[in-house]
Amino acid sequence: MANRVQEFTEFRKKMNDRILSVDNRVVKRFFGVDTLTYEPGALDTKTKEMLGLASSMVLRCDDCVSYHIMQCRELGVTLEEFFDIFSVALVVGGSIVIPHLRRAVAFLDELKNDPVQDSR
Amino acid sequence: MANRVQEFTEFRKKMNDRILSVDNRVVKRFFGVDTLTYEPGALDTKTKEMLGLASSMVLRCDDCVSYHIMQCRELGVTLEEFFDIFSVALVVGGSIVIPHLRRAVAFLDELKNDPVQDSR
Amino acid sequence: MANRVQEFTEFRKKMNDRILSVDNRVVKRFFGVDTLTYEPGALDTKTKEMLGLASSMVLRCDDCVSYHIMQCRELGVTLEEFFDIFSVALVVGGSIVIPHLRRAVAFLDELKNDPVQDSR
Amino acid sequence: MANRVQEFTEFRKKMNDRILSVDNRVVKRFFGVDTLTYEPGALDTKTKEMLGLASSMVLRCDDCVSYHIMQCRELGVTLEEFFDIFSVALVVGGSIVIPHLRRAVAFLDELKNDPVQDSR
Amino acid sequence: MANRVQEFTEFRKKMNDRILSVDNRVVKRFFGVDTLTYEPGALDTKTKEMLGLASSMVLRCDDCVSYHIMQCRELGVTLEEFFDIFSVALVVGGSIVIPHLRRAVAFLDELKNDPVQDSR
Amino acid sequence: MANRVQEFTEFRKKMNDRILSVDNRVVKRFFGVDTLTYEPGALDTKTKEMLGLASSMVLRCDDCVSYHIMQCRELGVTLEEFFDIFSVALVVGGSIVIPHLRRAVAFLDELKNDPVQDSR
């Protein structure tokens, strides 16, 4: 299952490089704004990443959820805190969130047995 | 504009009472779980309400946004913190969030000139 | 509040006529398929309208919800059955459905004091 | 293809157990409400499961669709009835539902050659 | 009905000014990228605005639809072309798009009797 | 990677045949309207397919995106034009579109080394 973490990270990096190799100003700037979003401001990065995780989960984007889980974990979010985030997403987004919750928890469990890679 | 806050609060309370007056176990329990969600756990209520606000905004639910803004404001979320939450929702959810951001900021400005009512 | 039912019905009829007055084959055929959808087949019209209501509610389309409530009511759906439909939509779709549930119940209550108009 | 049914069922059971092993009251109660939703009330379980299936399909949640297909099939929903449910979901949700419809029909065909497992 | 166009334009301008008066870098840059998106590139502005209109309609954002209709109209999109755009959005997004289509056509008809204002 | 294009095309064709083999009038007519949508009208097929692609991307339907990419490519859409379409979808739909953008670009790159199959 370490493979899922590795595959996700490699495909993500490879395709981001490919996308940014094409000279499209809007796409490039959007990626820049996306990175800027999670830098510390009035709220710290940990809180912002938690907001990104909850938002990704209610929008049911598995890859976004995986990414924010990796970031949150590096920033020290505990299992109990993860489940509080999941609980908000579950109640706000309803039972259609459950399959994404299953994959999120499976991904989180995989990370425990794996060196985490970052770089969005 | 104090009217918008008042109208929202009154309609919300009136209809919640009406809904709970009908004897449907699932609906009643769901409302109970919804209330429980924001009670302090591994994360405090303020953080949970911020998660609820970001989630509501990316899902583009104006009434949910208004409600969580009221809760966050009572819990001391500052204007700068609100805009950090909005910025995450905007980047995650895209430009279709902008009309909801406009109404959210208008609602927030109205609250300043108004005694806030709670009770979801 | 009879006004809300009347306004909804009149605007709906007026704009449907306007839309169909423009000679666009795809739009016209889509409207035809939409009407055909709720005619009795393996499932009767009442069941199909209930499916349409639940689907509209989880997709959070107030006008669609209002329309299917009117159809369901004419077909004899009771208050208890409406709340069972609402409960499925609420649990599947989550707390963001609640504001739409409030408006749905308000609309349903208005219909009791009003002659119902049909024609989608 | 019996594998897809089996894999889905096993992963679902394994992860539900894992999720409920974590002591989060909100998540646990939500799972309880979710189960309660499909118990007979004013509407019978079969009708409720059909509502759950249509709702899952317009929200485009493949795992939710698979689950409700399994439940509906055990409750005697026929191929013609399934296609009536699919037709409502297709017209309400549009052509983006088509890929999910393809997978739903493929899953349904697989179930015919397979002993069905339940337990959400 | 000229009022609806005017109200929309004024509220939009007022709140954009208010939002940009708060010093949040992410929000400001996002607004900048949003503006940049519709500038001519490999595709001309008219085509990009049509893409924005179809995207807004399937995402069911009335204000976004109104805005892109105003832009498209200034760029010479004809009634027949508008209906081709609407037809794609309707078929892709399904019958839940219909209420938004009604409001879009009503808005378009209002614009005919009104001087159009721009500035997003 | 040619396999992904081939697998997608074969599964799509096989399941469309299976779906249309069941005698459901609504589903059949919907498929007919879907085909009709992209025939030339006031807008040509290329523009309509680009609208379909942008709409599919903001709704985050990978299979729909793959299909419209194949159609657009046959109609002569260039890499620079594809990225303009992607840029609109990205800004309108937000960062949750990024994982779908990655898969879209990967699919597009695969098509270059592959004879393209059509038939929706």
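Order of writing sets the labels: A, B, C, D, E and F. Residues in every chain begin at 1.
Everything below uses one rule, namely that contacts are C-beta pairs under 8 Å (C-beta built on N, C-alpha and C of every residue); 3 or more make two chains touch, one makes a residue touch a chain.
From a predicted model like this one, the values you see are computed outputs, not experimental measurements.
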item: Repeated interface matching B-C, over half of the contact pairs identical, chosen among A-C, D-F or E-F; value: D-F
item: Fraction-based call for chain E against chain C, same above half, different below; value: different
item: Chain whose Cα centroid lies at the greatest distance from that of chain F; value: B
item: Chain centre separation in whole Å, for chain E relative to chain D (CA means); value: 37
item: Centroid distance [mean C-alpha coordinates] between chain D and chain C, Å; value: 24
item: Rounded Å distance between chain A and chain F, as computed from the means of their C-alpha atoms; value: 27
item: Of all residues in chain B, the ones touching two or more other chains; value: 24, 26, 30, 33-34, 37, 41, 56, 58-59, 64, 80, 83-84, 87, 90-93, 95-96
item: Chain contact topology (line, ring, star, complete or other); value: complete
item: Of chain C, residues touching chain A in the complex; value: 58, 90-97
item: Partner chain D, residues of chain C touching it in the complex; value: 33-34, 37-38, 41-43, 47-48, 50-52, 54-59, 64, 78, 80-81, 83-85, 87-89, 91-93
item: Residues of chain D that touch chain F when the two form their complex; value: 60, 79-80, 83-84, 86-87, 90-91, 95-96, 98-99, 101-103, 105-106, 109
item: Residue ranges of chain A in contact with chain F within the complex; value: 11-12, 15-16, 18-19, 22, 24, 26-27, 30, 34, 56, 59, 61-64
item: Of chain B, residues touching chain D in the complex; value: 24-26, 29-30, 32-33, 36-37, 41
